[in-house]
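What follows is a set of structures for review.
The following pair of complexes shares a single chain, chain A, combined with chain B in the former and chain C in the latter.
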Partner chain A sequence: MEFLNDLKDQVSTAYELLAAGWGVQLLWGIAWTLAVTVVSMLIGAVLGSLVAAAKLSHRGGLRFIGESYTTVFRGEPELLIIYLFYYGGTQVLTGVARSTGSIGSTDILNMPSFLGGVLAVGIISGAYQAEVFRGSFLAIHRGELEAARAYGMSAWLRFRLVIVPQVLRLAVPGLGNVWQLTIKDSALISVTGVAELMLTANKAARSTHHSLLFYTVAGILYLVMTSVSTPIFEKAERYTSRSFTRPK
Partner chain B sequence: MSANVAAAAQAASSPEDKSAISVKDMRKCFGDHEVLKGISLEAHKGDVISILGSSGSGKSTMLRCINLLETPDSGEVRVDGELIRMKQGRDGRQMPADIRQVERIRANLAMVFQSFNLWSHMTVLENLVAAPTHVLKRPRAECLEQAEALLKRVGIWERRNYYPPHMSGGQQQRAAIARALAMNPKVMLFDEPTSALDPELVGEVLRVMRSLAEEGRTMLVVTHEMGFARDVSSKVMFLHKGEVDSVGEPKEMFARPPTPQFKQFIANFNK
Partner chain C sequence: MAFDFYLSTMWSVLKALPLTLEIWFFGIAFGLLIATGLTWLRASGYKLGEYFTRAYVFIFRGSPLLVQLYLIYFGLSQFDFVRHSPILWPILRDPMYCTIVAMALNTAAYESEIFRGALRAVPVGQIEAAKAFGMSAFTRFRLVTLPIALRLALPAYSTEIILMTKATALASVVTIMEMMGTAQKIQHDTFRPIEVLTCAGVIYLLLNLSIARLFAWVEYRLSPHLRPPPEQSQQIRPVPEVL
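Let's look at the complex of A and B:
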């Protein structure tokens, strides 16, 4: 009985705390987390396709750059890269601004936290996406590329009409994976001060001393985000591979 | 200078006028292995040339060198009298001097592949209109109309909205032939079009090819179908170890094989 009463108390405290404004803040946290993830995925898609192209190039120099990129950014801890971009970026910006005289010699020019964060996470995401794109390109049936050449298509037409649609089809499952990684990496940029879900949960936990409550709620919210994205990617996969599944 | 002009004038008025494809002294090595040892070929408009040879004789390589899917090491290729210009690459190998010219010429040399190579993410109809609309820049409505007519002709109009992986090999190859026809090509190149098919599906593809030959299309056909070579083609060319062993009129060639190699080759087929 006592246990049940205790639980009831807990639930009503939780309700009060969430209703008192923390609930809305957590929802904003979700919005920022999604914004960071989406922007990072887009930055990663651009970088990833360039790096994949470099790794597939027949020029040794480009291949070396591509290989180094994926080795470094998959091989370093994410947190280190975020610190490097945020604090390192601040140092560089400050140095440049001081030397050009745009700020005083004791002022500091901060790296914008959202920008620094999504750049770091986007670059990491790009390293994983590059591998996905490269594998997808290699999985395209060579004969179809050859047919595109044989029918007089220019490199650009082959890219647009044959390579991109097929790479996208083959990449969807792998991209779903990277999306989950990127959602989780977005939590790390709380260190730069972006008020995404992790930072908000942290703030709530510290100022109310209800750590168990807020970290559990945040955990559930992350799980909701990652598990909602799974059926979306499955649907995309069904759509893009419709030419290979039996028609009903 | 005047000699050049005279030569050009002669070329314009000579039988080359009717030349669809002319290959002179084509050579190609893969590593140390010389696959083509100086092949020459003359195809006039309306010719149906069957190219025979055992595997490794270089017949597919020769076909692929004509539309530059492989780059020949030396020799010249003319399509409709136009020389494909080549230059020396940085690695010392020959390469096309003007890729735009090659792309334009390829669009006139529609190829049909052994493994069909239809674009698997497009429906059959999309496969037929992709190159005509994007490469030849013809209006889409006109291309769609032609595509439907071609699919009726090869007997797979009902499958126009299917994706290639959902069709049989014979249907895919007929779709691939329709895709080639949609380019209104000057010459059609067939690279062992029936070799990947189940035996019972070969007939439907050969029937389409025979009807193309009968309407006077210029075709180069690398094939193992002796019946097609003998009964349909206007010329047979037999390659042996990277060289042209013999060329001739099919009935004559099969009745009286001109060389021991060709005799041996058809004897092996009749076993």
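Let's look at the complex of A and C:
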């Protein structure tokens, strides 16, 4: 009974705190988390397809670059890469600005935290996406590429009409995994000061001393985000492979 | 000058390597224990066990490790019974233990899925053959299912171990001075983040590459039956395809 009363108290405090403005803040946090994730995925898609192409290249030099990219960015702690882009970016920007004289010799030009975070998470996401794209390309039937060549298609035409549609179709499940990973990585850029969900929960926990409540709410919101995206990707998978289903 | 700086940074970060490895080792060891329990619950056939493991995996795989770490370190201490417990409080007030607990709980979710997949991938024929030999359930598990499943789980397990190496860096956000924390401190003192983080990055990369190498070697040793035959056996007439 005492436990139930305690729980009732907890719930009513939670309701009060969330209604007092933290709820809206957390919703903004979700919006920023989604923005970070979407932009990072896009950066990762561009880098990932380039790196996948490099890894599949006939040229040893390009292959080496591609291999190093995926090894380094999948082998380093995410936190280190985020610090590197945020603080390293600040170091470079400050150096450039000081030498051109646009700021004083003791001033510091900070890396915009959103830009730094998104670049870092995007580059990590790109390493995982590269592996997904490479796998999808290798899964395309060799005969189709040969047939396209036999029809006299140019390299660009083969890429546009044969490779891209199939790679995209085959990559959907893998991209779903990378999306989940990127949502979770986006929590780490709270260390640079982007007001996404994690940082908002942090602020709320510190200023109200209800860390249990706010970290639990943040955890649930992350679970909602990752679990809502699962059926969306499943639907996308069904849609893109609709011409490949077996007749019943 | 620059070279000296790299050298001294490298040395300072390396001095924190034992602490990183400590977090890493205990996280993995406890994670393996929990994962074994979860896999057993899942495979036991009890509906309740299955629901529990499903929920566990969903929660720990669906949210960031950082949230889990904060929840354990900052959140749990709000309970009075935690603060008054002679067993829980010494563990949960220490950021080092909290990191290990968070890592172990997190990796157990992933590992239990890996083990479940590996157990399911053991060929049915092998198990049937063992049954036909009259092996008891325990002997069958010990001599047939477990060895095959462990080998099948190895590639995914090695990936998980590398993810754990990366996860140790999160200890730095709860004030542990492991490699990442040390690098952070030097970086703040010197304002040369690129040089400092490059040094730390090289160490992390070498660590992960050697772990990957080690697992590749173990995998090679455990799968002699999957290797291509040595050169001289090609002289032996190949078995006809009709078989």
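We take it that the second predicted complex is superposed on the first by the 246 of 248 C-alpha atoms of A that agree within 3 Å, B and C clash if a C-alpha of one lies under 4 Å from a C-alpha of the other, contacts with A are read in each partner's own complex, and residues count from 1 in each chain.
In this text, a residue touches a chain if its C-beta (ideal position, glycine included) is under 8 Å from a C-beta of that chain, and two chains touch if they have at least 3 such contacts.
All values reported here derive from a predicted model rather than from experimental measurement.
Colleague: Which partner does A:Val162 reach: the first (chain B), the second (chain C), both, or neither?
Modeller: first
Colleague: In the superposed arrangement, does A:Gly88 touch chain B (first), chain C (second), both or neither?
Modeller: second
Colleague: Who does A:Tyr151 touch here: chain B (first), chain C (second), both, or neither?
Modeller: Once the two structures are laid over each other on A, A:Tyr151 reaches chain B alone.
Colleague: For A:Arg242, is the partner it touches chain B (first), chain C (second), both, or none of the two (neither)?
Modeller: first
Colleague: Counting residues of chain A touched by each partner, does chain B or chain C come out ahead?
Modeller: C
Colleague: According to the stated criteria, A:Phe233 is in contact with first (chain B), second (chain C), both, or neither; which is it?
Modeller: In the superposition, A:Phe233 contacts neither chain B nor chain C.
Colleague: After the superposition on A, what does A:His141 contact: first (chain B), second (chain C), both or neither?
Modeller: First partner only.
Colleague: Identify the residues of chain A that lie in both the chain B contact region and the chain C contact region.
Modeller: The overlap between the chain B and chain C interfaces on chain A is empty, containing no residue.
Colleague: State the interface residues of chain A toward chain B in the complex, per the touch definition above.
Modeller: Within the complex, chain A touches chain B at residues 141, 143-144, 146-154, 157, 161-162, 165-166, 169, 242-244, 246-247.
Colleague: State the interface residues of chain B toward chain A in the complex, per the touch definition above.
Modeller: These residues of chain B touch chain A: 67, 69, 99-100, 103-107, 109-111, 113, 115-123, 130-131, 134-136, 162-166, 179, 183.
Colleague: Hey, which residues of chain C end up touching chain A in the complex?
Modeller: That would be residues 58-59, 61-68, 70-71, 74-76, 78-79, 162, 165-170, 172-173, 180, 183-184, 187, 191-194, 197-198, 200-201, 204-205, 208-209 of chain C.
Colleague: Can you name the residues of chain A that touch chain C in the complex?
Modeller: Touching chain C from chain A are residues 71-72, 75-80, 83-84, 87-88, 90-92, 180, 183-185, 187-188, 190-191, 198, 201-202, 205, 210-212, 215-216, 218-219, 222-223, 226-227.
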